[in-house]
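By written order: A, B, C and D. Residues from 1 in each chain.
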Amino acid sequence: MNAAEELKQALPASVVSTGMQVEKPLVLVKKEDLLEVAAKVKEMGFDHLSVVTGVDYVDRFEVIYNFFSYGKKENLVLKVVLDHEAPEVGSLTSLWKGADWLERETYDLVGVRFTGHPNLTRILLPEGWKGHPLRKDYDMSVEQFVTIGEDGEDIVSTDGSNLLRRK
Amino acid sequence: METEELLINMGPVHPSTHGVLRFKLRMDGEIIKECTVVMGYLHRGTEKLAEMKTYLQFIPYTDRLDYISAMPNNYAYVKAVEELAGIEVPLRAEYIRVLTVELNRIVNHLVFMGSLLLDLGASTAIMYGFREREKALQLYEMLCGARMTFSYFRIGGVRDDLPDDFMSKLNEFIKDMEKRIEDYKGLINGNEIFMMRMKGIGVISAEEAINYGMTGPSLRGSGVNYDIRKIEPYSIYPDLDFKACVRPECDSYARYMVRIDEMEESLHILRQIADTIPKSEVVATQKYGIAPLTGMPYTAQTYFPRIFIPPAGEAYSRIEAPKGELGFYVVSDGTTKPYRVKIRSPSFCNLTAIPKMVVGLKIPDLIAAFGTIDVVLGDVDR
Amino acid sequence: MMIANAYELIVYILTTIGVYEPINNIFMSFGLDDILKIIIMLVEIAILFAFVLVTIMFLTWMERKVVAMVQSRYGPMVTGPRGLLQPVMDGVKLIGKEDIIPEKADRWIFTLAPFIVFVPALLVFIPLPFGESLIISDLRVGLLYIIAISAISPVAILLAGWASNNKYSLLGAMRAVAQDISYTIPLALAAIAVVLFTSSLSTVDIVNAQAGTWFGIIPKWFIFIQPLGFILFLIASIAEMGRIPFDFQESEQELVAGFFTEYSGMKFAMFFLAEYAHLFAVSGIIVTLFLGGWNGPVIPFIPVQITSLVYFLIKTYAVIFFAMWLRDTVPRVRIDQLLNLGWKIMIPLALLNLLITGFVVTAGVIQ
Amino acid sequence: MDPVTIDTTKFRPVRKKPETALEKLEDTGLISTVLAARERKGLIFLTTVDQVFNWARLSSLWPVTSGLACCAIEMMAVAMAHHDIARFGMEIFRASPRQADLMFVAGTVTKRMAPRVKQLYEMMPDPKWVISVGSCANTGGPYHESYAVLRGVDNIIPVDVYIPGCPPRPEAWLYGVLQLREKIKNEGYGAKWGLNK
């Protein structure tokens, strides 16, 4: 019995389905119960949160968590499906501190909001950037420029006239 | 006495942030009260570009993530795609892959050693590190003609077979390197000032390191015996004799020593490969995919198809890169281009622990601790 | 005839070739008694400063060549033979650079600070004996004068750091001051131990006390009777010079360029020159105090002034080479470790050294 | 006409004997031909001073330590023992732009970094030069299509020499430096300040 089925037995109400992602056990979780499931996952010994991925499937968002257990040397994949209009899911920062930046990055580039995150701001792009680049509907034709404000922080605008030499 | 907190802004252009990283420090005199990391000054949108390129076209972009060790990046990406499509790689290609990756591990650690010592104020170690690096780069030039951005890996194998005199050159390099590593140990490891600067600095316990998602040598410096090559063996690593280097001290010195030990282990692996490398093809010759322009199935050929369509699906594959766990999450929708590529970069995740690590230390300690995390900004910002 | 200093040496040479009296008579006939004396003094000072400036330029070249040697490189090669013209080119280039004064800086202090650093760096050379009778002025408080003059530069560094209105500059300046204060004390204490033997602060007396040998082999240098004092003095003076492993005032990897982060062009060059002048001066002082000064075997038929100058320069360059070698080999210590070393180890050791020396001198074991 | 039958002696250019001091100086090869020509036309007046300063400037180009991306590693390689840029007196990498003469824009200039690169350039004292290194800094290179990358650093600051490559080999790098030295040799004293254009 792999970790996915174990999880399904422990929390049958929260787990939608189980499967395999190549060779890794995969669990599809209800988004409301993610925190509860994650706590259980950590209790099961999956102490390493490898990566948090957000994917835009046009009609929905998927957030995928890859776990690894140092003790049992096993993999586990959690997946939640979010609706496209208001993608929101609970934050795992309280369980894994490493989730902090990974979730911020997902918020920055994909635009998934993590409720309960202590500091959900943009991390790679400057604050004020319009749109989330990894969404499929991101408008690549709009050029955005960054300038430095009085306090040394970034200001984003579509007007590059005080940055560029040639207008 | 009334004191005022000093706000110091380090970077993005600063000699010891290894590129364009920025620290915002809240200081009490010389003591760091709070450290905020600001990144993204090298964010180049690689993940978005992946969606615009074909599977093969994306390989050069992986070179430019962690530009000091490009081979492991290549490897992690092609490994993810191969897992996705279920491609079998010929044995010789696996040997060549491991050879290049381990050679790159040595190069990476040489640059790490040099730049760490440079950050501490000793300018000579980096010269020695780069002197040996130059020799390794000559080997790479024989392989693929490039010095840093190799693009040597192909899905299903590697681009070319080894040149004729490669093995003799490699053996020379190994012999030379053995002596050099002894030199480094003699010059650096016992140095009193070096020990003063490194011991007990940037301490992070094993539990915390795991919780922060640290991987690679930085985690093994905290005493966690976690090496993907050992724990989740891939490629030909199960057949090779080497050990994961672990140090229990949890401080900067341990992280430094792990890397020096790893250089020796990598040399050991290179020696084994030089002895046992088999003869076979270097690219997969099975039939994969459909040529989209002609609609004809590929016939068996000596190179892998340029336009390649893996089945729809997703795969997360990770390898032990010199800096830690490097993973690629590839989603395919059954077209010629990846639907989504997510890069799990070791530098980014290891950097998470820095704000925790440096509270209560001084600026020179921040630089020492940051140096031992071994971060490359191309890898952090992607 | 005993020639005490460079002034008398010039007078002696002029008298020997027979031009001193006629020239002096001409001036005397106009009633200008002291004018020749003043001219000669100005000339000797000009010679000294020219010598020091050329030496500084040479030292920058030497530094780059020594680094290159340690790092298995060539160093400057293209400009002039073996790159010898490199420092000249650097100087000319820096003269032609734009001189930026930051908007928020304190203009006057910002401009003044490099001069306050540079002038004491040259003044230190006045009581330094370059050779037998090759000294501008044999001050009776020579050693005290040197230590006092060296203590001016931290003030100027603080001015520079504060006036720049830059946090890195200010941090660098504060570090420099903390470092200088904590290392001047062991420096002075180690020097005083030497003075106990000579009963004189005059540099010439100190050198003279080191003439001769024991058993015909071992030169009577103070390094052999003051080994601990020598090591303390060496460490403290490297800290005073602010070189790796103690280069906190600039510490490039931490504070960008330390207290002169905001300086450009000629003002920056003055800091640079002062640094090397300091290196030369301190090495000269080490040689004077511990390595026998200009003492060395006498060679017949060659004037002692020349041989002594050569001996002095050889020893000084040996010390300078050591400092450069050290710079390329070791990492930098941390500022608090440095201060700990200064206050908790160096000063007690220096006091102990002084105490033992006092006993030895009182008991009359040596001399 | 048959090339063999051409009498090459007829086509040998007759060189004027140097007469004026300027021409004699030019004849020695010590000063730049371009500058001498400009002097003759009355365009500049400070030839000898120009020569001295230009020689000093090209001999002691101190770069500012500002690596941006991949090319910065090759910048380090150029400065290291194997290629040794110190031969040209360029090993003094100044961390503070106030003391630097030359900026290597070594790597991808992202939108977020662009104002900082510009600021860094503005902080450098005149005369100053910029070498744009690598495809990314020249045109955006492989990241030309990216949303976060500036397509060429010459959009924000003037560039003197472009070095192609991704990243350029150290040899290419040294060649670029030599090109810059050539360029400086032929500059007027006031050229950087717009006095004699």
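The working rule: a residue touches a chain if its C-beta (ideal position, glycine included) is under 8 Å from a C-beta of that chain, and two chains touch if they have at least 3 such contacts.
For clarity, every value in this text was computed on a predicted model and none was experimentally measured.
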Completion exercise
Moving step by step through touching chains, the smallest count that connects subunit A to subunit B is 1
Handout entry: Of B-C and A-D, pair with higher C-beta contact tally
Key = B-C
Handout entry: subunit B-subunit C separation of Cα centroids, rounded to whole Å
Key = 48
Practice task
Starting from the mean Cα coordinates of subunit C and subunit D, work out the distance between those two points in Å.
Solution key: 38
Handout entry: Centre distance in Å when subunit B and subunit D are each reduced to the mean of their C-alpha atoms
Key = 35
Completion exercise
subunit A residues touching 2+ other chains are 125-126, 133, 138
Practice task
Note the residues in subunit C that touch 2 or more other chains, in rising order.
Solution key: 71-73, 252, 256
Exercise for the section: For subunit B, jot down the residues that touch at least 2 other chains. Expected result: 14-15, 40, 43, 45, 48, 127-128, 131
Practice task
Treating touching as the only link between chains, describe the layout with one word: line, ring, star, complete or other.
Solution key: other
Practice task
Please list, in label order, each pair of chains that touches.
Solution key: A-B, A-D, B-C, B-D, C-D
Fill in the blank from the handout: The answer for subunit D against subunit A in the complex is residues 111-112, 114-116, 118-119, 145, 147-148, 154-158
Problem - Residues of subunit B that touch subunit D when the two form their complex - result: 12-15, 19-20, 40-46, 48-49, 52, 60-61, 64, 67-68, 111, 126-128, 130-131, 133-134, 147-149, 377-378
Problem - Touching residues on subunit A, where the partner in the complex is subunit B - result: 21-22, 24, 47-51, 53, 55-56, 64, 66, 70, 73, 75, 77, 96-102, 105, 109, 122-126, 133-134, 138, 152
Fill in the blank from the handout: Touching subunit A in the complex, subunit B uses residues 9, 39-40, 43, 45, 47-48, 51, 83-84, 208, 210-215, 224, 226, 231-232, 313-318, 325, 327, 329, 331, 339-340, 342, 344, 348-349, 351-352, 356, 381-382
Completion exercise
Listed in rising order, the residues of subunit C that touch subunit D in the complex are 64, 68, 71-79, 83, 85-86, 88-93, 96-100, 252, 256-257, 260-265, 268
